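Below is a structure I'd like to ask you about.
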């Protein structure tokens, strides 16, 4: 969070045009912010695994196998079907950057 | 087969306007749907509802496929005299059902 | 546009004013975002807003110092959980840099962009995020009102009503009839009445086996219906009877003195009565001009901006969110998307098209969970479900899957309350 | 979504359910496809002309009570009340309900008279989409009056496909 704050601040300082500002906000890719409702950061003990610390490839593989049904699941199969491959890849890449 | 729910006050004052609620179990198949094989599902609806009060017609409705399943109709009538209120439903494929209730008017 | 002199620069301590200036704003101005509502939607939005735009002045308006969460409160009603486990404060949110105003929102001047609180405080804003939740529609069910709710609790806002219903169930003699009235859509938490019915039936079966629950419903169809009905048939055949609309289940009025429910075709007198009344967006929505004739708030599906008053965004239970249900999960997901949209707009950008997820868990027993999930996007001016996604738990799932879903339900509650309030 | 579905893409099971809606709890549907049928405002005008025999319809005296926001178009409660003394000399002879976009415009036609005491009827109807619903009253003097209301139908959020 602190890193993101500094980043936004610096970019605002160096602002050029209004349109440039949107790019300075590091928004999660479409859909990613919803994941945090169930998937906690490390240190929270629940039955739902954390996504932090996983590689992008791991998350992509898991989502694809949920979507295809290769990996049995309770709820993730239904959610994975709402995302295309590029969307899953973007979410995975974003989570892989979260510390 | 047919299952009706009817709410008619058993007692009323002479001249009182009473509310009659009716519900007849029926799926009201619209005739606008197709089965898995692509064949049209024929219309099967209740088409007519008639209420009589001691034999005299007091209310009548013509129903179309846009009436929801289990047709629910509420109407009013003036309690004129003690007697019998009879409700009749008729429809496609020979559907016919009726319900009676007695009312005491004081 | 910033129309007001900046008087709250002191609040944004630690950040040089110069870093806050966006080109369309006067050089020293910090964007001011006011958030109405301290529930899952509002608290998430405030916190996310501050995280996305640390330089913004974010004020959260809530009239309670302690938030009492509705999800899992049905377990409190049946004695499987304590109300304190539902209670959360705003200390962490304040620590995150959000100013919290403990007062009720009273009125909004949408053109001047000023919110006035009950305590007289005025809060100018550049963008207002409203997540005020629901109010009971006290005129919606003849015979029912605030006094009646003391005899026939709704328990649809968690807190004293929750414990009142619990005490009534505990005090009821074995052999009593519990009656629950369920309203037509829309209302907060579509599957909530059926989870509550399940848990009350479970309570009766295990603690007061001669008793029974009668559910009088103004609908024929409801959320997760097939799963609930098959679970009830298997688990509670003698303890739960559900009467839908076309079987005469619609309650027309109640008589609180005798705990009587008057339906279209009959009367039922209860030993314990739970009335889930009709609802509408909380009163501030009408006062702010963001609720329409439906009693709810129409919104743009990408930004959650009100269709009626520009500059005000509405999310959570109060909004007309298309296919998304009125759930805490939805409110949390919507709040994050809304905060991102507001931050983007405040920095001169165009909000991206969002994706939203909802997952509603319901407990049939404390160890038997089922769910409905969906993935949503803006389409045709509304929030629509993405075709092919979502759905309910498998009908033929074995007990270990039901048990796993109950654990995931608890996991969701732990995670989301920590994310929002922890 | 109901408010955006074009007739040509009414193909999902959920759309089928919503549009045609014979489903009640536990009733197993076998429907997978829906015919792309929708009436037009012109169809509604034709239906109204058939009711009135071409007579003029004045706006007023007829009140339609329908919830403004409906999540399930399968069962939409609807009450019609007409301002009328309901005397032998001055009463309502008939009340009709028609819709703008349902596959067939007519919903119900009721015949009543002074013995009704009040000119009021209620029913539950199916609405395929967000649309205008019109109620028409035929008075004992032969005049026709109407009231209308626009109803927003949203998809039943959290509703399960019962198929």
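Points worth noting:
When the chains are written out, they are named A, B, C and D in that same order, and each has its own residue count from 1.
Please note the rule applied: a residue touches a chain if its C-beta (ideal position, glycine included) is under 8 Å from a C-beta of that chain, and two chains touch if they have at least 3 such contacts.
As the structure is a prediction and not an experimental result, all values here were calculated from the model.
Among the remaining chains, those touching chain A and also chain D are C.
Ranking every chain by how far its Cα centroid lies from the centroid of chain A, the top place goes to B.
Counting C-beta pairs in contact, the chain pair with the largest number is A-C. Each chain gets one centre point, the mean of its Cα atoms, and the points for chain B and chain D are 18 Å apart.
Chain centres here are Cα averages; for chain A and chain B they lie 57 Å apart. Separation between the centroids of chain B and chain C, computed from CA atoms only, is 40 Å.
Centroid to centroid, with C-alpha atoms defining each point, chain A and chain C lie 25 Å apart. Multi-chain contact residues of chain B (touching two or more other chains): 69-70, 72.
In chain D, the positions touching at least two other chains are 23-24, 74-75. Shared contact sites, meaning residues of chain A that touch two or more other chains, are absent. Touching pairs of chains, sorted by label, consist of A-C, B-C, B-D, C-D.
Against chain C, the residues of chain B that register as touching in their complex are 5-7, 21, 23, 25, 69-70, 72.
Those residues of chain D whose C-beta lies close enough to touch chain B in the complex are 16, 20-24, 27, 30-35, 37, 74-76, 79, 99, 102-104, 106-113, 115-118, 120-127. Interface residues of chain A facing chain C in the complex, by the touch rule stated above, are 1, 4-5, 8-10, 12-13, 15-25, 27-28, 30-31, 33-40, 44-48, 74-75, 78-79, 81-83, 87.
Contacts from chain C toward chain A in the complex involve residues 15, 18-24, 48, 51-55, 329, 332-333, 336-337, 340, 343-344, 347-350, 352-359, 371, 373-377, 386, 388-391, 393, 397, 401, 404-405, 407-408, 410-412, 414-416, 418-419. By the touch criterion given at the top, residues 220, 246-248, 264-266 of chain C touch chain B in their complex.
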